[in-house]
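Labels A, B, C, D, E and F are assigned to the chains in the order they are written; within every chain, residues are numbered from 1.
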Amino acid sequence: MKVAVFPGSFDPITIGHVSLIKRAARLFDKVIIAIGVNTSKNKLFPLDVRIKWIRDVFEKNKKIEVQEFDGLTVDFCKKVGANFIIRGLRNASDFDYEKTIAQLNSELNKDIETVLFMTKPKHSHISSTIVREIIRVKGDASMLVPKQVDLNYKED
Amino acid sequence: MKVAVFPGSFDPITIGHVSLIKRAARLFDKVIIAIGVNTSKNKLFPLDVRIKWIRDVFEKNKKIEVQEFDGLTVDFCKKVGANFIIRGLRNASDFDYEKTIAQLNSELNKDIETVLFMTKPKHSHISSTIVREIIRVKGDASMLVPKQVDLNYKED
Amino acid sequence: MKVAVFPGSFDPITIGHVSLIKRAARLFDKVIIAIGVNTSKNKLFPLDVRIKWIRDVFEKNKKIEVQEFDGLTVDFCKKVGANFIIRGLRNASDFDYEKTIAQLNSELNKDIETVLFMTKPKHSHISSTIVREIIRVKGDASMLVPKQVDLNYKED
Amino acid sequence: MKVAVFPGSFDPITIGHVSLIKRAARLFDKVIIAIGVNTSKNKLFPLDVRIKWIRDVFEKNKKIEVQEFDGLTVDFCKKVGANFIIRGLRNASDFDYEKTIAQLNSELNKDIETVLFMTKPKHSHISSTIVREIIRVKGDASMLVPKQVDLNYKED
Amino acid sequence: MKVAVFPGSFDPITIGHVSLIKRAARLFDKVIIAIGVNTSKNKLFPLDVRIKWIRDVFEKNKKIEVQEFDGLTVDFCKKVGANFIIRGLRNASDFDYEKTIAQLNSELNKDIETVLFMTKPKHSHISSTIVREIIRVKGDASMLVPKQVDLNYKED
Amino acid sequence: MKVAVFPGSFDPITIGHVSLIKRAARLFDKVIIAIGVNTSKNKLFPLDVRIKWIRDVFEKNKKIEVQEFDGLTVDFCKKVGANFIIRGLRNASDFDYEKTIAQLNSELNKDIETVLFMTKPKHSHISSTIVREIIRVKGDASMLVPKQVDLNYKED
């Protein structure tokens, strides 16, 4: 069984992520969306909300799961039996960063291969960062996220 | 009338900005320098000081104005009747970021076009960030800003 | 009157070119599509055919013209009274080449300004080179060119 | 069954290609190395020799085949039942070219997905072009190709 | 005597730094590793510990020294009689940043030349940032630093 | 003695080359400008003319020599006792190509180090290719070459 991990913060998941994950799910037997929890950056949306949104988006696709993890991505891969890490490339600026991470992961664990997909051109301007930036200036970013995401979510 | 908006923080305005704005003013009937005020980043110089410096620099050019704004750049454009956003490109690293923003703005408002100018080579190392960095290490950055900018400004 | 020159080989014109020229025509009073004739590269389609296709595409837009030229682009600009050169940017690889040419043209004639537009994402894979390459392997490239272009054209 | 096509000229195959193909063969059920024969570029080594070398390199791996093809890569994929095209990325300069080709292939046939692998750092300077260039200046390029390749090959 | 300064934070020094410094020491009569102390960024390891590690690494090479400095790099160069600044380039993303800094330093002091070395491919994924990131997620980064560096160091 | 080789075609030498060579001559005891003669590309100016121009440019600087060579650059370095190869970087597009060549040369001969200099911004648009292109369209490129170069040179 070919299992792949797609790591990220998904704060929040975007339609760019959704497109990439669906394309990856055609190639792999299982795709595990992995939300890192020990990153120092402050998050806009709480972990459980981010997970719920992803579950809602993919509830009909049995190949796609979501899990949280801490520690190194390659260690999480080993734990869940994944030999592949999936990453998307939007532009040449993404490339050098992703190459650095792929080279590092390969050094940390030789058995884990990074597989890259090109982002669709119509999605190449979309990132969680852009979504949060639009929210920050009180703009409407709803066209950049799947309908299951509630950008007006506020913690009680 | 062809109106263009040149958005930024201008913390502080540099001679690179001044060169670009003057070149743009040859193409447009009006250029509005637009200082975004709801960005989270801490500013080195207060908004009113940054605005005053820009007014002083361009006081003889009636085509060039400065205004503050909050919210999305495209919404500000609509409010002031501008159909064009001006941006400068210094190097290939700038490119992918600017493409992302231009593509986003085009999606947010189809009527607003982004027009790009190449920074002059002699200015391609200049940015507000570099000016602030030199100030931080107590160096002299006065050759990077127009003479109307007082880098020793301190709030009372 | 603001006149711009859009130089190139247009061998053949693509829907990417058409989109860019129409966007530029909103900013300028006249856009002159300028086909350089003294380039050493062999062309797939004859000059008169390339010109006719462009005329057909823009026949309803009185702001857009097509002319051939030899010599330097900046000299052609001067001859036709244009102060602006238009170029499109598809990706970061385009950027450094375009910067070189813009810097050179600025040195050759200080009065001529290069104005850049970002290619629309849905067109960012389109170039005359790609069209010719598809033709060479006997594929169908008709979705990449305006309907006025006959890719089956053969000289008698 | 997941079938992938790895298209190229392989003039000659390098240790960079070999490494990438072996990595891809861990993910796919079959990898077809596809040598395009209608490209205009002159080749250093004849087609049948290039094919024989590749057969020799992979003779023990039943998942890996080599075929020649003409026409569009996506049409060849359809003919052999492949839904995936494999490409390697060495550096940021490769990226924009590969994005263009992937976007084109996606437009030509929506069912075919491009999957990218990062070249191993120790191979990132290796290409068939570099091998041919070393041969041209009468240097020794044998460390860049698998031992099955005879760089001294001459047609009778 | 040809003296070069290699400025940075070295938080901590990596095997990538060590390789570069040794290569530079073949070209220069003296290489001064210069740790800037007035940067605003919080450091993971204290200055004196970072200095001690570097001293330990290079204790047998009399050409290589380490010093702390505040203020502009070019002013430190002048103070220690250095006419050269050394920098490493890992990838194209590094390039534009380094060009900006080199151009600025050249403007600040015309007598100081920046000399660049390409990072070895096997080190091109290594940076102090990556080391700190691995530490943050409690991974083992010891293969990225010289053995003199104790990544478990804790201030009392 | 520190000897460096600056390889190229110099068809013709430009003011960008001259600037770089003079800067390099401050670092090295000898700089040998090395013109490769077995490259397949047709040259605009004959080898002996290109050599003479370079001799004329640097006749007062005893550290700078010019020689022709065939074969690999690293073999020429060995022959003349040079341990360093000098290259200039104009922009990010140059970078990946130069990295490839530096990595190859390092693999061909571990003792030879590539040392890079940033092109001055005012020269970053200048290359022999641009000079030849201007000549081809009958423009004046004299501001891009040293005065010793006669762009009107014709073989009898």
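Worth a mention:
To be clear about the criterion, a residue touches a chain if its C-beta (ideal position, glycine included) is under 8 Å from a C-beta of that chain, and two chains touch if they have at least 3 such contacts.
No experiment lies behind these values; they were computed from the predicted model shown.
Shared contact partners of chain D and chain E are A, F. Annotation, chain A versus chain F: rotation angle of 180 degrees from the Cα superposition, expressed as a multiple of 5. The most distant chain from chain F, with centres taken as the mean of CA atoms, is A. Comparing the CA-atom centres of all chains against that of chain D, the greatest distance is found for B.
Looking across A-B, B-F or C-D, the interface that copies D-E in more than half of its residue contact pairs is found at B-F. The distance from the centre of chain B to the centre of chain E, with each centre set as the mean of the Cα atoms, comes to 33 Å. Chain A and chain C have centres, each the mean of its CA atoms, that are 39 Å apart. Multi-chain contact residues, meaning those touching two or more other chains, occur in chain D at positions 91-93, 96, 99, 103, 121, 124-125.
Contact annotation for chain pairs lists A-B, A-C, A-D, A-E, B-C, B-E, B-F, C-D, C-F, D-E, D-F, E-F, with touch applied as defined. Those residues of chain B that touch chain C in the shared complex are 2, 23, 26-27, 83-84, 89, 91-92, 95-96, 98-99, 102-103, 106, 113-118, 120-121. Against chain D, the residues of chain F that register as touching in their complex are 36, 38-40, 70-72, 75, 92-93, 96-97, 99-101, 103-104, 107-108. In the complex of the two chains, the chain F residues touching chain C come out as 90-94, 124-125, 127, 130, 134, 136-139, 143.
Residues of chain A that touch chain C in their complex: 91-93, 121-122, 124-125.
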